[in-house]
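First chain A sits with chain B, and in the next complex the same chain sits with chain C.
== the complex of A and B ==
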């Protein structure tokens, strides 16, 4: 699935990169200068390549590759690092299958995704479209809309908690005082999930909208003019031309939103601590509790593997949706 | 707009008048979203200007005071958090950009055995949620004695593959002829890297630096695990876990929040074109 994230030439050029001669992607592999001598000379690049790669190889190996392998190893162990690990076969997986709280956390996470993903897509595509329209003063709006994306999630959570404070929160005062609604912001399970989705959207609206904005800006004006001459209205232009053309960006945003939804943690920490009850216990929160607040480390590792598989399946479904639309060139 | 594009002339007066409803509605929607996004931040700024136990959002300017800020800047622990955040974010950024541009050059322009496999492996981990490596990374960091040290806050945060991936796209875009010419003249890899690759990759490196800095300034979960003692905490961790001195006073916390926002706002104001250039958009595009 990751393979689809490669090959970014267009973006590189759009961003004013030194894009070489025209649109050609010049990987050394297909370089025309491939005489035998040149090739033989390049075969000797292993030594300098090692020098350039060493630092990243160490960092990446130690803090990405090895830990990932070790997570898999841990899922088949029991005990703790202090008391010693022993082989446990599939026991952890069996326990997870019967763990009602984990099932609930997965369900909570799925619920959160079901609200957050459509909400984020609709709003950020809309705002992206808005920002890409050539109207005077748009850069001011763009800055204001981007503002929440500069905040730490912790700060964002604090802000929204203040806004709904039962005594002094302006939002709470508005809903109860003006609208006469008693909104159980974080005290009702479903409302809490929706509210967390809204806050999450608020923290990312600028980031994703700007991504969509530049994608829309890259859509060729000629195509849009042609559509207009053919009598297409705004909605048709959007659904038949703009959206299909930005599909790759759409996919990536989908995957990013999905991953962030699965990893919901910071907001839970500052806003609900998993409550009410276990209604906002997300998978990440449960893993954290198990790994670092006196649970079983191997069990936490197993949960993270299950979570990974669930995420991968969901992301794969999203990405497969549009397979065949463009060529996958494997590794660019 | 259509008029201008079709005829290449400025739209006529009548044309502009016809578009007026559309332009006005665009402004209206944009204002609504701007308010929704910016108002909560504005409210927190207002709250931080009151010296009160509860959050106070009143806009009577005569009541406003900078007491909270004075108190925070006089507070040793809080100042330490600020400096920690600054140092950690800057160090992670420097380390990430330096390490990643080196690797990007190797992946983009050098030929070596296993290059494609190695690059594909890195790419695959880009989709790996942090949860999948979190526990062992923590174990490893504590094994290496990095917990509660700057090394633990900084080094593991620079391991991700994204920067390599982003920069490699730009390195690939550098014409091979430039490098061939240099090599014919007897230049070695280091010279090519410094004189050809670095100058041509300034912009994406700046973008990577800015986004890395913002992400690490705001990062929470990893610093939360690494900072065991109060004086090693970064701002978000400190604000979120405030246990003793700040809890009684909401307005003090809001001032802390504003202080954590301020540098990012300045960064955005100065480097706005990098934030909105779409370089990241291009990079994440498949």
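== the complex of A and C ==
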């Protein structure tokens, strides 16, 4: 009997029901299962859940399922939302296959990813590690590190643009006046991509660092003690114990950073407008231009779908690779 | 527990069900099932949407004046005005026109007209106007402005009434410091002219030995390499050399020819001379717009002087230079403002009355003067004869009025190539691509846009 009750409780908790200290187990019903009364009672029990689920279903359908379905529908159309759409079959997909500009924007996006992903991982793991250490006033440091994540990307972009202003920007004054370096922040194609990556990192450093901090805090002290007793130094503890143990978290962050990199738009809008020249014309920027700046909405929708597939493939590669390593580790 | 619930008249389950139903109801209501309010008050109401081309106070004063003034024409009409910020104006217009409740009268510009022209969301003025009224709307208007508002079947979807452009403005103090070199009459002559006005902080000219390019006091010319700015003047280089940015068939670039390459060469020589500002000189638009007023640059293609700028720079002395030309003549990129009516207006006749009222020169002049613009038709004498907040504003605007005869609107296209083309041109101008590579890539890009924009 007690086993069954525990089972009931676990099931309820798994479904998201609160499991507070004052919560009692449901009373055991006396009516035999299968009778009409029991069925009615069960239906009655499910009614409130049904109502709440309906609300969720409506919201999910209206704001997720319908837009997604409509985007897929648009990819097979031509024309505009105002003058009417007509079926175009796979024309949009064929056009994308031959669209050199889209290819170039994908390439720019990949370049951005190639800079942003390693930069973010290295920096946020390092900061996460520091945040997980026991230092006086750590809560203040955590708050400070998290602050930039609370700013909107647009505000962050404007702040950094002011910092590099040729005449009044403190960062520009420091690099040119003190370091005697002429840094072409946003006027050189390569520097612009690196600089955008740094600003993107700045806006997300708090979020990812806190994730890593909590992952590091969850690493068993026993394991770390054992490693120390075996003579492992700090670097070995990090690379042989901590990092392998937080691999699932690393994998999640990797996917999140990848998605973040693919979706780069706000900073470009505020800081470069695709420039210098077309160096920061990313896929999202090109899609925006097509959708809202006099292009074709169905074509923009098609590019979005292609970008979704590209992102999904990259994320799948990361996940698969990580799982492969896990199973290899398991066998070893 | 159960007893307590019942004694309160409402069981926990009942309470949850009610809450769920209420929640669902609010979701459905929030999803826009409440159109009743608008429909019931539609009677003699009109919606008037425009963009903020002046201070919020001035815009409000203008809309108040128009709405009260219109009551003299239509007593029972109530006009609601809405100022839509530029940043999201097109998105909001699109949403309103694609929904069932569009604004009756709207302020429009050429890039938007390109979007609406073939969609049927705007009403044809020809269906409402008498022959006399139609003539008053169209006679004397620049052809390119009318063309942008004309549909495939000759419909007139909007009436142009105001234009604006960015004339070439000279800072007299910098010019005098340079020894008053002769003013440029051609675009090519602007290069040595800009060089002559470039000085470092020790007073050495660009051409002097020891010129310190890292400590420049005045640049000869401002050249912000951002599409937002360049869209106002780059195209006139092509036009002055007898070329265009898009070809006549509207399916490829129009500058892959001797004239187009020459125009690009002039721009390239100018930005490579060291006499133009570095593209990252300023981080904010306002400072770019006042680069010449502040004395940081000797000249620039500049928007009209405002009262705020005059207050900020009380000692600045400026002069509008006669428009420099090229082998094919003179041209200036001009923006045009229109009034348009919604095809799905609930009060079409009243809407026309209101549009006609706004387009009456007495009313349209109020708007034009408020935004420091110019009328689309030629002006005799000084349009800004009445003193403005600062006499320099009068001088600037009256001198700039002469540019009107060379005003030319950007092309009528089913796609918007400007921003992309400016990016490609900058790739070449700022040394990231050779001319041939840039032309080849730009051509492919435009062909693609033309294909998908059809």
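Throughout what follows, the second predicted complex is superposed on the first by the 274 of 332 C-alpha atoms of A that agree within 3 Å, B and C clash if a C-alpha of one lies under 4 Å from a C-alpha of the other, contacts with A are read in each partner's own complex, and residues count from 1 in each chain.
Operating definition for what follows: contacts are C-beta pairs under 8 Å (C-beta built on N, C-alpha and C of every residue); 3 or more make two chains touch, one makes a residue touch a chain.
It should be emphasised that the depicted structure is a prediction, and the values quoted were computed from it without experimental measurement.
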item: Contacts of A:277 with chain B and chain C, given as first, second, both or neither; value: second
item: Partner chain in contact with A:95 - chain B first, chain C second, else both or neither; value: second
item: Which of chain B and chain C A:83 touches, first, second, both or neither; value: second
item: Contacts of A:52 with chain B and chain C, given as first, second, both or neither; value: both
item: First (chain B), second (chain C), both or neither touched by A:251; value: first
item: Chain B versus chain C as contact partner of A:169, first or second or both or neither; value: both
item: Comparing the two partners chain B and chain C, which touches a greater set of residues in chain A; value: B
item: Footprint overlap on chain A, comparing chain B with chain C; value: 48, 51-52, 55, 59, 62, 81, 162, 165, 167, 169, 292
item: Residues of chain B touching chain A in the complex; value: 1-2, 5-6, 23, 26-27, 29-31, 33-38, 40-41, 43-44, 47, 54-57, 98-100, 102-103, 105-113, 115-116, 118-140, 155-156, 158-161, 164-165, 169-170, 172-177, 180, 188-189, 193, 200-201, 203-204, 207, 214, 217-221, 224-225, 235-237, 239-240, 250, 253-254, 257, 260-261, 264-265, 267-269, 272, 275-286
item: In the complex, chain C residues that touch chain A; value: 13, 16-17, 20-21, 23-24, 27-28, 31, 90-91, 94, 97-98, 111, 114-116, 118-121, 214, 225-228, 278-284, 287, 413-416, 419-420, 423-424, 426-428, 430, 432-433, 441, 444-445, 448-449, 451-454
item: Chain C-facing residues of chain A, complex; value: 44, 47-48, 51-52, 54-55, 58-59, 62, 78, 80-83, 92, 95, 98-102, 104, 161-162, 164-167, 169, 176, 182, 184-187, 189, 273-279, 281, 289-290, 292-296, 299
